[in-house]
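Residue numbering begins at 1 within each chain, and the chains themselves are lettered A, B, C, D and E in the order written.
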Amino acid sequence: MAWNSVIMAPRVKEILSWYGADNPGTLTNLARLLNHGTLGGTGKMVILPVDQGFEHGPARSFAMNPAAYSPLYHFELAIEAGCNAYAAPLGFLEAGAREFAGDVPLILKLNSKDLTSDEKDPISARTGTIDDALRLGCSAVGFTIYPGSALRLEMYEQLAEFAHEAKQAGLVVIVWSYPRGTSLSKEGETAMDVDGYAAHIACQIGAHIVKIKLPTAHLEQAAAKKVYETEKVPIATTAERVRHCVQCAFDGRRILIFSGGPSESDEKLLDSIRAIREGGGFGSIIGRNSFQRSKKDGLKLLRQIMEIYADQKK
Amino acid sequence: MAWNSVIMAPRVKEILSWYGADNPGTLTNLARLLNHGTLGGTGKMVILPVDQGFEHGPARSFAMNPAAYSPLYHFELAIEAGCNAYAAPLGFLEAGAREFAGDVPLILKLNSKDLTSDEKDPISARTGTIDDALRLGCSAVGFTIYPGSALRLEMYEQLAEFAHEAKQAGLVVIVWSYPRGTSLSKEGETAMDVDGYAAHIACQIGAHIVKIKLPTAHLEQAAAKKVYETEKVPIATTAERVRHCVQCAFDGRRILIFSGGPSESDEKLLDSIRAIREGGGFGSIIGRNSFQRSKKDGLKLLRQIMEIYADQKK
Amino acid sequence: MAWNSVIMAPRVKEILSWYGADNPGTLTNLARLLNHGTLGGTGKMVILPVDQGFEHGPARSFAMNPAAYSPLYHFELAIEAGCNAYAAPLGFLEAGAREFAGDVPLILKLNSKDLTSDEKDPISARTGTIDDALRLGCSAVGFTIYPGSALRLEMYEQLAEFAHEAKQAGLVVIVWSYPRGTSLSKEGETAMDVDGYAAHIACQIGAHIVKIKLPTAHLEQAAAKKVYETEKVPIATTAERVRHCVQCAFDGRRILIFSGGPSESDEKLLDSIRAIREGGGFGSIIGRNSFQRSKKDGLKLLRQIMEIYADQKK
Amino acid sequence: MAWNSVIMAPRVKEILSWYGADNPGTLTNLARLLNHGTLGGTGKMVILPVDQGFEHGPARSFAMNPAAYSPLYHFELAIEAGCNAYAAPLGFLEAGAREFAGDVPLILKLNSKDLTSDEKDPISARTGTIDDALRLGCSAVGFTIYPGSALRLEMYEQLAEFAHEAKQAGLVVIVWSYPRGTSLSKEGETAMDVDGYAAHIACQIGAHIVKIKLPTAHLEQAAAKKVYETEKVPIATTAERVRHCVQCAFDGRRILIFSGGPSESDEKLLDSIRAIREGGGFGSIIGRNSFQRSKKDGLKLLRQIMEIYADQKK
Amino acid sequence: MAWNSVIMAPRVKEILSWYGADNPGTLTNLARLLNHGTLGGTGKMVILPVDQGFEHGPARSFAMNPAAYSPLYHFELAIEAGCNAYAAPLGFLEAGAREFAGDVPLILKLNSKDLTSDEKDPISARTGTIDDALRLGCSAVGFTIYPGSALRLEMYEQLAEFAHEAKQAGLVVIVWSYPRGTSLSKEGETAMDVDGYAAHIACQIGAHIVKIKLPTAHLEQAAAKKVYETEKVPIATTAERVRHCVQCAFDGRRILIFSGGPSESDEKLLDSIRAIREGGGFGSIIGRNSFQRSKKDGLKLLRQIMEIYADQKK
């Protein structure tokens, strides 16, 4: 059900009802995200993010599919695949926002980080503004935080400022919450307790939509581990872990979506989509898996993912 | 005596008289806090704070009572228990402020800290604003300082700025004053001298209401210890120590309340409430003890606490 | 001669004439300070400062005279003693400014420091604003700098900003200039050369009134020592050192007052007051010596001090 | 075809079409740059930059051609050579902007760095503002970033702020993107992967025009090297490397120009110009090679360069 | 020729013509500086600066001539000597600006540093504002930078901000450019290459007038040394070095003046004045040599200096 339908889908109405503190401007933009594309009206989302050029370098991101060097390519991919939205840093959005104005909801990534050295306690540079998002016709802004980094409090403050300004401007706030930093082991970055905590923090700072990685069954923090074991929190399967993450995100009253992660076999990726659906997750952000192959193959994969999400009863 | 009573209780009038520097807007909100709920009009307060999800992680906070994952739960708990107010970070308040508008006075926690590593000199991130408090209909804002931390001066300046802006906006300023940091021993965090000092600092920076932990009889700072002993300041019993804290908080002319601390036996907790009452304390903030059990049990405990406070002659 | 006298004392007129760069608002407030109380019209000042609760802790400050825990006590003490003004941090002033509005000129201390560890290079937190001073009806603001601290340049910049804003608002700027920090020996903190330098710096940054400690005959800085010796600057007696300090403070064209220091015998204190008078100092700030005893004894001492100042011919 | 021609060259129209997110003010200034001078209308640019006085010192920059000490000299050189624009720091532009108003498009370098010590992680000082650019009649502003420096995130944020303000004011944003810093080997500063990455980052932060150094065939980052080899990215010749850089700069939809580097033989320099042309680069910034010789020789070289660029079919 | 002459001296007109980027307000103030006093209309300047009280301490500055403790003394000295202007920090100007309003052009020193320890990488505190300069009737502001200090970039940014604001307000910007810091040897602080570089940087950041120390023939930086030797830059005599400094200051199109340095024999000082005149320097700033002696002797020396400057043909 597309966003210009005469009657809004009940599930979208329900989701909007959770955001009682927001102004009608933000609700309108949230509805635009939820009502656009193949999954419009289902309450599920698949978003195309393309910040890898900035984060990993252009050749590492696009050399395997050189058409993707063009900023126009990603707008087309998101539109043709029927994604709910397309997310990118300032430059990539500036380079196509006029050509594709109104074709797909846009998300401006407000901060980015490059990779010229291995940083132990990461933080990103703020390279976009709320005003940029408005002048480019975006429906939402995106911001990355790294809970676990020694610089996390600084990021939380930056996010709080952006979120406050975005809400006044009627924009949706989407937080990429990625645990990382010297206070965590490598395994701890996707630990169940840490990942749920990361989702909760983003919600507490005021995110409308939170994106995390799929957690493993590892438990990182001793004090948390004890509680998970004592209370017998079910986290054995991916679907159970997704369900627990949803619980951590205000008991399901905030939209929680998951990243696709690095290229693995398509079948494994689709299995994880099924687990997200089963666990009550709200969708996926699929970047490298969609644009680091031919457009035909990328479209095919994105449609398979959307079919899985569309398939569920709800 | 509820806030909408025709005639205000004399004790509330008396308390308001101590805040002669504040505008009528702040006095009105202070009266709302003092007149609401079971203890309305008595001059005593019991506040429900729920920032543990941010501070300790969601599973450690809510897994023992999964209903508490929902932000709606805590509004209901505070309302049904007849608390004077409900305090939480931005996200939790945003998620219920419209549903429960006008049902209970709200306190926006302006700063928060997570727990991904053990920090020796803690500081919190500013994740809310005065403008957020106003748009959510809050009566007060809360701010945590850590006297003893190497970063304390930065916190004092942040608090001073927030307090100044809050007072202009007619809001009440509540300070969580928790001694912690490398300049203190573990025992020193709740030492009598340190705790009284923490209360005094918060008052000097302009707090209307100060929350501290119950002090022990330990004396941490050598120069202070000498004075306590020379002047024979009575600090043997909990009630005496409460009375001394009240003295440190502008000789009783600022509202001083105490935290409930970690889960202990209910009977011990109720004993400490009696000591607070006996020492002239103004009430309690009860978090984990109230929501880390079933709602029925939580309501029971909160009501027992309120009965003790309501019981006193004053 | 009280400030509401019909004709202003010639000495006050003379002092005001030194501040030709200031607006009439600031001159009016300076006249209020000089014309108030027992010493009104003499060109001498005795000010009551009470920031020890913040700086040293409440018990160390008030346990020997528990009435002094109350913020009201100090207003009363200053008024009854006939002090020119009462200086305190925000909280203490907020707690009595309405009750005693118009009874005594007030000085808001804009920055304060606590004492939870021994800091080698001190700096204070800014806990008040010019706007606070105005809403509380203050005539002046006070600011502490620590020349000698590694952080002194930061303090000078903060002071410069406050002073600029205060002068626009018609307030008087009073600087507590206390040499301290790793670049100084303990003895150097009150060395003649260092103390005179501290007075000069405060004047250069734009202070109207400067408060320093009484210097010893010690000379700290080698390059300065050489000049003192070559030029035979007379600094043998306290009165001579006071006279040299006055010289360093723009050759007597800025009001220079002295702190009373820690409790010593009253007679020694009164001797030092006589030396200040003899050396041409403008008065004293008497804190701990006045409120760390019974009110009766405090009033007695303050009156003795004022009698000495009033006694001189000038 | 000069900027005052009645009909704009189709190539310029095409280039302007890539900047759909910009306001007509910025497009007008971009057209001024592209339509001015010998190469006006060709879509190619040769810019004269003179920031070496600040960056390396005046004697090292101008002693070999003392006429160049004068700020007027460089305006004349740029105008007589028919350059598209002249770029310099504030002082040099202030010293001639009135004399040569309207004679040549100006670019204000917003940040600069001196060379009094060898800094490992460089950053420049912001010495100009958007307002300066406007009052001096500039068409564009220039900003240097050093990807690879530990301070790069700070520079990205500064650039983002300047770029945002410049675009609102209708100015063109030109970024000097020079990899440098402890995270890179000396050879890595001009490595193919690093240089392409540097171009991409500048585009993502919102540059209209990016200036990089000519890359070598060296590959610095292991993860990138693997991709270049697996995907057989052609980078053997200078022209191929230029073509790949263009690809990294939004697949040719951002103007990418190259620096001339330190003085080498003119023939080698002209060869590199031919390679830039062949690889689809948009032009050159020629500083030291043009003003560190007599004006006659400088003009001769600049004209040879422009002839090469003008020669191509496109 | 005094500033109130009916027809302005041609040399002053010529100098004003170099500042084409400035508004008429700044040109008017520049004319006031050039037209005032004994040297008015000659294009030469002698300025009296008195910041030694702040920089070195009052006794080290004034004990040898105690009349100089008074802020009024220096106004009188500058006026009686016929100096072009008087420069001092905020406090000293505030203390006489009304008494001597309109008698001599004033320069507010915007930043100052004290001397309580030996700092290796100096920076000054900002203790004045453009607004202060305006309210005190100043014609110019002064700012000190220390090229060579690790903190120099911070100073350049501060200067750029002040200069921008000053120019908008029609004030003249004078920069004290003193190489100092860990990147320089002691000898390097007055090295020819370093001193010329320091002059150039100040001009590039936008200074109207630059003050440096007289350079020695030492060459500090290897890369620069090579150029001086290869290009045979004449720097053997003081006059030659002055001429080269003037060249570095935009080839003579910015006003470059020299400091008098520490007390040496008067004859040596007058010799250096002759060398400045011969080399084309624009004048001197004479501080300690003028006020660290009796007024009679100070006036005598200043007049001798002015006679030398007035003597030249130009």
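In the analysis below, a contact is a pair of C-beta atoms (placed from the backbone, for glycine too) under 8 Å apart; a residue touches a chain by one contact, two chains touch by 3 or more.
None of the values given here were measured: they were computed from a predicted structure.
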Set of chains whose contacts include both chain D and chain C: E
Target chain C, source chain B, minimum contact steps: 1
Chains contacting each of chain D and chain E, listed by label: none
Size of the rotation, in steps of 5 degrees, that lays the CA trace of chain A over chain D: 70
Interface sides of chain C and chain E: same vs different residues, half threshold: different
Distance from the mean Cα position of chain E to that of chain A, given in whole angstrom: 59
Distance from the mean Cα position of chain B to that of chain A, given in whole angstrom: 36
Touching two or more other chains - residues of chain C: none
Sequence of chains encountered when the ring is traversed from chain C in the direction of chain E: C, E, D, A, B
Contacting residues of chain A [partner chain D, same complex]: 53-54, 56-60, 63-64, 66, 69-72, 89-99, 112-117, 123-129, 131-132, 135-136
Touching residues (chain side chain E, partner chain D) in the complex: 18-22, 147-148, 150, 152-154, 156-157, 160, 164, 179, 181-184, 193-194, 196-197, 199-201, 203-207, 221, 223-224, 227-228, 230-231, 233, 244, 247-248, 250-251, 253-254
